[in-house]
């Protein structure tokens, strides 16, 4: 996309409404500074995140995808993140088989009170993606 | 489609680091956006008026508000657009404050991020569908789980408010932990004297149906309409016949039964009434110790019972109750002594827990209020209290404070001096936590008037030396190791979640933290609600708390139930899953994964099997949607297409 | 006692150094005193171990490094075993000793001398030569008759060898010493 | 059991002041059919001073031996001395859990250690690998009248993350082994209190006071002997007992035996091969009290018979008294 | 196994079911084709030889009647998987199992005979395939022209059956080697793997034959690859959309694919479409100790969870 500055990469984040989205809010309220590459999509629960969303984003231009939900046992819907954990783990193992570095996809658990952890996660993940560089070369982009 | 975009300055909170005017200008270029503006405080009354007017003036049918977090003001703006005649679900918020202006340093980058985030919201709102709530009838009966002081308070308040109450208590009598206490701090009034009348009220209240010695087997349903299965455990005594005369207990030859009520301070009989004030005052057989059960012969109680109430063949019974709301007041547990090998791990009889000491102090306890050492029944002259036995101890996985130990230790130190005037108490503590009304004065009194010696430091170990127990600790204020040769040591053992707390939570579909305490909906603003509507919390099941706090929560939970039941009908949240019966292939994988059992099998005319959502049970997590291979079940407001629109808005190769 | 000026004496880089070398976070300590309470040596310490932890939290580098306590700790691990905050206190004491040795700030010269005699014996013979170690320690400490009363008892039991048992690979053991010294020099 | 072979890291003390530990341990292992091989050309593990110098350096001194043992291919090395054990375990665990640490240590070594050795105390091997039943099955003799206070010392089970054996606050392994060979064990609260052995030489006064506490608590618990599994503890409690008596004004005369010596005595091994004569506080009384289990059984049977006789006499007396009573009532 | 015995079983089973699904001779001597036997006189059409490649269990979910079905070891896993997912009523299915010594890949045979017309196909007792074409007879070992799945087959005898036509056979293939090819492939560099898949998927013509042949693809006409509600893939014929389709197929089969190989057999472009699913299966084995279609009482791992996942560790950045 034209708006993305030359230094920024495209990172998509799927955050559950009750914990991680709240954690990102907490980080904001606490003014914990973060890199600006990430774009956040709010979902009710990490269990709502069909691994296909991650694939869709990665195939269509994202350089990295982050999924974050409530800590195991703390799910607002009691079990949603347990399903997410299995499905996202399956995807994480599949990506390198397709030739996509699994470091481009990270899933984790951050609670609404863990502003600092959110800041750390965004910062580290963004750094990791920058280390890997863009996923899509210019040639493909034209295609 | 005519989307209106309202970008908030939030004073300088957003406008300080995001070029809001430029964002508005960029958004105007987006296809579908009919109107875009920026405004100082969108959530203010004039700000909301501006939205309403623009909807009319510009003929807008979808609204995007770019401002703070939707967790903050989504409801506000939903009401705003509803007042202007739009369906409330035609609103999307772009969080450009918490996620952008407050966390990014570079204004240029922030502005680009804000523009894209708003574009995502626009893309999503264009996929939004109008959603409507439906209403359903409420069953105005309430279930209270736990007959401790919190649960009884909730039951009595609900009952007095005219609701029918079902009260389920796990042990043979109501009263909970408070019934075991001798006196209460900071007033030193007798615990059972103030609790007893409440217990009687519970028993006699015509709106309260009490199931003692019963447990929750299963819970089905949803707010307004729960179906609860209750297991009435076998007591081997027909309570309709038992008069509580106590003759059986007197004659029972099994004298070495574990006394659960007295925490094993002394043994009891295999058939017993737990304590004189028990409600209901009925006898119960402990088959682990009863000779009839362990040896297959005895039958003394059956022979002696004047009403013929004994029934060795009794089985557990399952009863079903229907209620509309649930108050969970299942209380707390205490950490086991065996977690403290350095304090003997339970091997030294004169190292006891705080609650055991309460029973020694209590006039109706096994020693009739005489403080004696369990080992040799002599009166202790030197008593050592160890606070934080397990609490604030990360190495035991209990980093939290148990809340009320500081206070009861002070109370016990005072009572010790009252009972044994020539005794000396020592209290090992790390911090004295006494923030309640009159609490700090009370702990001071223990030291100033009753001469309890407070020693700041932990106890490292306890070992027996002759008849004494040597308590080795530190006085960090003196900067030295200290030793006390004690006659009796009382450990303020850490408060834990009640045994079985996690299993009950699973049945209720409520969350619990890593320690097993139930999680409230909001730590400050929704302290007795849970995330499952219709289920409320009271007392120490939510976290360690003292009597006044538990009673307060019991009443608060009752108020919540009464408010919920003030209407005859409830409105359901329409952001639930919906099934497209045309594309559903009836594989029912959604039913397999739904955490709430909200999905049923349904046969259409012509025999086709499809999934069907019970709207009132669906909580809106969307696990079904990510499970369904053919996209036939879609979580409203978070459909595949809505989320794909957001992905597509930012991922275009 | 003088007022302790915390602004001036708070040595953050020292706290950082100890944290890094020991792998322990001193901030976890909430001063419950359990380490002191269980310490068998506390009567001989100038600062009980909980105060060493406190001094560390407040960055009192010089006081700590010149304390006797860090040299009198025998690493019995009681503090580590019982710390409710899961701090390896003995490891911190060890680290402080290492730093003190490196900085030549040893308060308990006798203890260090004994350790050094031991290490020298090891470097020389590959194994510990008990008599040699004791003699060497006595000579260097000026404490000529330390434990002289015990000598005859041991002697009588035929437990003492007057000649060191030298192992074949003692040059290899010595090499560990020299490599370490070289490395230490290189890194300052 | 007999097929299993262990590397046996003696350690310097067992060549000198703790030679009787080595002698008795070897005898007991032989009796139990446990094969042990001494690693060739082992060196001192560095305990205890090396860790005051540097962690990597300390680990390297220990790891040199681990490398040698790794090549022997026994997998497990059994170590009688807890001090050596602790150092070897620390080096082993540090090097297997942290790769950069391993590399640093290996830089100091001629041949790198790859992490293939599990160090276990001799106590652990006896309890877990040999088993109490096997230990009990070799008993031929009894030590009636002996009451032992097992003294574990500070680092045999601590810290739990390193030791990974027994309870760090109330260890019972030695109690169990001694009970298995039919010895009476006193419940004793000072099983773990450090005796100060590490400072035996430079801080004699300090050590004497610590030692005093341990000895007096054992006595108070009704013990007439202390069992140890650590050469430093033994040396401290035994050799310095006289010193303690003169500085503290006490008059202790408590034999301090290695647990292996006690086990050996119950196996009927000769006091000489168990190194009993090497003890400073004489254990001759204990040795003299030794009888065969057949003798013990005879003694017990006699005692029982006597008791039964006494009881019968008592009964008869009572019955007679009762008879008298009824007679008087009748009259 | 004797064909007579099979026919006898079918005749018996006919008495209790509405239809029996088996194989008959196809349009040329190299092809067998499924047949639906509803009358006793049709029993004689039935054949059994290594050309009987189709997975007949695929039909079970769409039939409402009581059915008898002939399955090989590999096909039987489909039935077990259906049972795990509650997709069939077991009481309405009579399973006639055949212990199988391996089938042929028609594609491989045709390559060997350079796609000449087939005049006759014979199988010798010593495991040879003799194919007669206008240019003469070609002899090839069965193992040479077997599909990949036969090479590591662990279940030559059906994992479940009501009748077994023949004596059970035990697998001689090393169970450790089942995913050897997957492991080998995974060792390649990311660039190599990416290039491989781009090349393979670029050939896809989106005919959906793989999906249609798949017994576990229960969505049939509701497949999201062709729907607009939801709209996961566009109709654009570019690599991204092709890959997206194959990812949908693979992820929807996560922990469900019984590796019958029908997708690959059906693909006209010879794309190794089963490879992705086998990769996921190898992970399911590691993560959850799960193998699709083996034990009827198992739960497919993507539709359940454990509170403590033994083999999933939290990922650190």
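Brief remarks follow.
To keep things simple, chains are lettered A, B, C, D and E as they appear, and every chain counts its residues starting from 1.
Assume a contact is a pair of C-beta atoms (placed from the backbone, for glycine too) under 8 Å apart; a residue touches a chain by one contact, two chains touch by 3 or more.
Just so we're clear, the structure is a prediction, and the values are computed from it rather than from any experiment.
Contacts with chain A and chain C are shared by B. Excluding chain B, the assembly's touch network divides into A, E | C, D. The chains touching chain A as well as chain D are B. Of the two interfaces, B-C and C-D, the higher number of touching C-beta pairs belongs to C-D. Legend note: the chain whose CA centroid lies nearest the centroid of all displayed protein CA atoms is B. Ranking every chain by how far its Cα centroid lies from the centroid of chain A, the top place goes to D. Here the spacing of chain B and chain E, counted between their Cα centres, is 51 Å. Chain geometry summary: the mean Cα position of chain C and that of chain E are 69 Å apart. Between chain A and chain E the centroid-to-centroid distance comes to 36 Å (mean Cα coordinates, whole Å).
Centre-to-centre separation of chain D and chain E, using mean CA positions: 65 Å. For chain C, residues touching at least two other chains, in rising order: 43, 78. With touch defined as above, residues shared between interfaces to two or more other chains in chain D number as follows: 168-169. Under the contact definition stated at the top, the residues of chain A that touch 2 or more other chains are 56, 59-60, 73, 79, 83, 87, 143. Those chain pairs judged to touch are A-B, A-E, B-C, B-D, B-E, C-D.
Chain A contributes residues 51-52, 55-56, 59-60, 72-73, 79, 82-83, 85-87, 89-94, 96-101, 106-109, 121, 124-125, 128, 143 to its touches with chain E in the complex. Looking at the complex, you find that chain D touches chain B at residues 167-170, 189-190, 217, 220.
On chain E, the positions that touch chain B within their shared complex are 85-87, 218-220, 222-224, 227, 229-232, 240, 252, 302-304.
On the chain D side of its complex with chain C, the touching residues are 12-13, 15-17, 19, 41-44, 46, 48-57, 60-61, 64, 107-110, 154-155, 158-160, 162, 168-169, 192-194, 196-204, 206, 209-210, 239-240, 242-243, 277-280. Residues 28, 30-39, 42-43, 47-48, 50-51, 78, 82-86 of chain C touch chain B in their complex.
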